[in-house]
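Questions regarding the structure given below will be posed in turn.
Chain IDs A, B and C follow the sequence of writing; residue 1 opens each chain.
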Amino acid sequence: MEFTANQIAALANGIVEGNGEVKLNTIAKIEEGHPGAISFLANPKYTHYIYSTGSSAVLVSRDFVPEHPVAATLIRVDDPYATVARLLTMVQELMNPRRAGIEEPCHIDTTATVAPDAFVGAFAYIGKNVRIGARAQIYPQAYIGDGVEIGEDTIIYAGVKIYHSCKVGNRCIIHSGAVIGADGFGFAPVDGGFEKIPQIGNVTIDDDVEIGANTTIDRAMMGSTRISKGVKLDNLIQIAHNCSVGESTAMAAQAGVAGSAKIGAHCMIGGQVGIGGHITVGDGAQIAAQSGTPKNVAPGARLFGSPAMDFDEYGKQTMTIRRLPRLYARVEELEKKLKEATDK
Amino acid sequence: MEFTANQIAALANGIVEGNGEVKLNTIAKIEEGHPGAISFLANPKYTHYIYSTGSSAVLVSRDFVPEHPVAATLIRVDDPYATVARLLTMVQELMNPRRAGIEEPCHIDTTATVAPDAFVGAFAYIGKNVRIGARAQIYPQAYIGDGVEIGEDTIIYAGVKIYHSCKVGNRCIIHSGAVIGADGFGFAPVDGGFEKIPQIGNVTIDDDVEIGANTTIDRAMMGSTRISKGVKLDNLIQIAHNCSVGESTAMAAQAGVAGSAKIGAHCMIGGQVGIGGHITVGDGAQIAAQSGTPKNVAPGARLFGSPAMDFDEYGKQTMTIRRLPRLYARVEELEKKLKEATDK
Amino acid sequence: MEFTANQIAALANGIVEGNGEVKLNTIAKIEEGHPGAISFLANPKYTHYIYSTGSSAVLVSRDFVPEHPVAATLIRVDDPYATVARLLTMVQELMNPRRAGIEEPCHIDTTATVAPDAFVGAFAYIGKNVRIGARAQIYPQAYIGDGVEIGEDTIIYAGVKIYHSCKVGNRCIIHSGAVIGADGFGFAPVDGGFEKIPQIGNVTIDDDVEIGANTTIDRAMMGSTRISKGVKLDNLIQIAHNCSVGESTAMAAQAGVAGSAKIGAHCMIGGQVGIGGHITVGDGAQIAAQSGTPKNVAPGARLFGSPAMDFDEYGKQTMTIRRLPRLYARVEELEKKLKEATDK
């Protein structure tokens, strides 16, 4: 795939300054530019790179005024970031195009319904009564258990495992190695050992959810473990049985949520955070990386530490501890002075 | 699957109050009840829900006395929880029945032995000299390496990978994405780099063990990494080479155990806990979520924090730190008073 | 496989003391010895075990002088550890031999190039324009996306997933369940939700890298996520998009590195460590288990805690906190004395 600067300008309704015939075959950061690449300048902090970038062309805003000569071809557009985002999407689609049809050998149960324009890759397994929506992409070696529903335009990458009876919405993306609907961790103590509590619920994933590689979401004991619309989960996250995660909440890698916790909407959960069982995290809460909270979290709270504290409290406690050597010195000074005073 | 309240009462030796012909097709929590569902009331804390539950029927104890009218059909039984557990097991078996036979295409080496009533799913790989016990369920896309033994009634879910020479006992459950027997992390520093130390041991898993999704248990350098009878491991746990985990110990998600650690029996290890290499954790120890211990842990100890402390010590230290602002104020007061006293 | 002590002595240029015809069929630690096993004595700390070991033979250095009678056959060699390392490698190769050829059914795109002496296992998927180097081992159920390159002698274990366009060097080992090249976690906030930022970069893995089971390495947004020569990653590690990890750095299980972080060469990163986004960790830094650093780390630094501190600072702070109860007592004593002094 190769375009000229003139072609990209035409696409983005832009104006070319410099060599419009320069050939572009990739996108690069302006500070990592090289011949054949197109870069963009959206953040003024990066402006100085434009004078030395190795990229062949740079997307800039219409009102950009260079202070030094620029070797690269400039393409002036309304919104350089939006233009590059559109280019990125085009490139991604070219690199990793959607497919349609069945790649043999794969296993599709006779009772399953697969939309004619969906794709099912080789060695994928589609169980009984499964429904695969229009344009869905079921990559090779994926496992779709009995009774699972997969929405339209959803991408299930290679090797994803979805246990029976789970539901996945439209336009979702589930990355390789994610496991959806394994049994919740439920055992009753019996005679010094454990008896398994059957987990007969499922996992329901609403529209526009993205789930990272090797993340695990357990099925509910009864009812559903619920992932709401627009939730974004990074890699290696654990969501235990009967949890719910509210709309457009984002969670960074290796965070873990214990059983029956309810996470609100629009929360930001940092990497390696731990959230205790049966608690409620209010809408819009932000929890910093590696924090852990065994207690309910108020809406909009900003938490740090393990156990997690409010941002202000955490800051104060940190300062209080940092200043301790000075406190020791003050107490020593007091002891000396008091001794002097009483010795008199 | 659909039953009437009368049919369930007959099954559980119960007595029906209300409409015995009401149709039941699922089990729900009493607080999440809906028409067609049966719920149970075992914990008095939930009693108030019985007056408003949407469930069509509720299992209650024989001596339950309602204080208000109840719309749902009541089924009086000896032990509502035991009855619902039996129903859950029945439902689970109906939703996810055991199978027998070979689903093609799969790969079974000619030297492998598969019990005639075991199940091997499509795209599963069974290596040389493998032995699969009676009624074992090898789901699609599982990998069973050369020389592996799988016990009777054991379930290996889709996509589990078991490296060569490992042993899995009877009635075990291993969830999707778990990796058993990958090489231990052993390297000798050589010339500023590393030389791999071959890992020629294996993993042995005793009877009645459950292993969560995407959990990893590394093979021993020599000898065995050992998981004892009745151990329950949640998802995304790391057990390093040459560890042993004692009987009926339970570990929550994302806990990690470094190489050669010995964990006792009946321990409770919280989520995201880290256990250092070469240490011993005594029988019955309890380690709270996110704690980390680089040192031996006494039998029956209850640990908190990173590095982990005894429950009492941790509580005291937490209080001591919480009260620091008051200590600062007291020192300031002392300084003022002493100044006043000596200025006189 | 069975050897006599005489045969092993011949192999290692050693001298036998005792029964040279004793049969040896495995290697065991000296403290876990049993009949048929050969052990080695390299560390003087373990010398006392030689008098009671159950092993049939022990490799010792040429100058070893026993202080008590030894039942086991001794094999005197120049370097007992090097000899056992060679034996371990031999045993590993016997247990898990390299293979060549194609195991059917597997999917190899017609545009892919597989070296004739490479191995591709059943149910493996090899995409378009893939190149598989000489003697590479692609285990069953592995997924090698379009345009991926796999170097010579590299081992890709069962069920590894490598997304399109990634590069893996020579003599690498990637363990089961690892996911290489899933989309980086990049979203732009739009109207209270998120819009996906396409991730069009890749992952490049240099020679001699080992990657543990279920570890995830995300593809760059643009450019490459880079894993340098000789890096060793344990299980369940997260490396986010656009990170780089320097030569011969080792990382223990469940560590996580946030986006665009640059880790230097020869670093030692402990288990469950968290490294913040966009930071730099200098060459040779050591970060203790469960620590977390949101800030740059100096070359050679040794860090502890979350947030991480320098070893000395951490030690001082820990001591300062430990001694707090004594400080409280001193302040109380001061208050008492001052009261006495001023009451006079």
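As a convention for this text, a contact is a pair of C-beta atoms (placed from the backbone, for glycine too) under 8 Å apart; a residue touches a chain by one contact, two chains touch by 3 or more.
Remember, it's a predicted structure, so these values are computed and weren't measured experimentally.
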### Message
Taking only the C-alpha atoms, how many degrees of rotation bring subunit A onto subunit B, rounded to the nearest 5?
### Response
120
### Summary
Residue numbers at the subunit B-subunit C contact, same meaning over half shared and different meaning under half, come out as different
### Task
Could you put a whole-Å number on the gap between the CA centroids of subunit B and subunit C?
26
#### Entry: For subunit B, residues contacting two or more additional chains
105, 123, 141, 159, 177, 214, 236, 254, 272, 306, 321, 324, 327, 331, 334, 338, 341
### Partner subunit A, residues of subunit C touching it in the complex
105, 107, 123, 125, 141, 143, 145-146, 159, 161, 163-165, 177, 179, 182-183, 185, 187-188, 192-200, 214, 216, 218, 222-223, 236, 238, 240, 254, 256, 258, 272, 274, 276, 292, 294, 306, 316-317, 320-321, 324, 327, 330-331, 334, 337-338, 341
### Summary
Residue positions on subunit C within touch of subunit B in the complex are 27-29, 32, 85, 88-89, 91-92, 95-96, 103, 105, 121-123, 139-141, 157-159, 173, 175-177, 208, 210, 212-214, 230, 232, 234-236, 247-248, 250, 252-254, 266, 271-272, 289-290, 306, 321, 324-325, 327-328, 331, 334-335, 338, 341-342
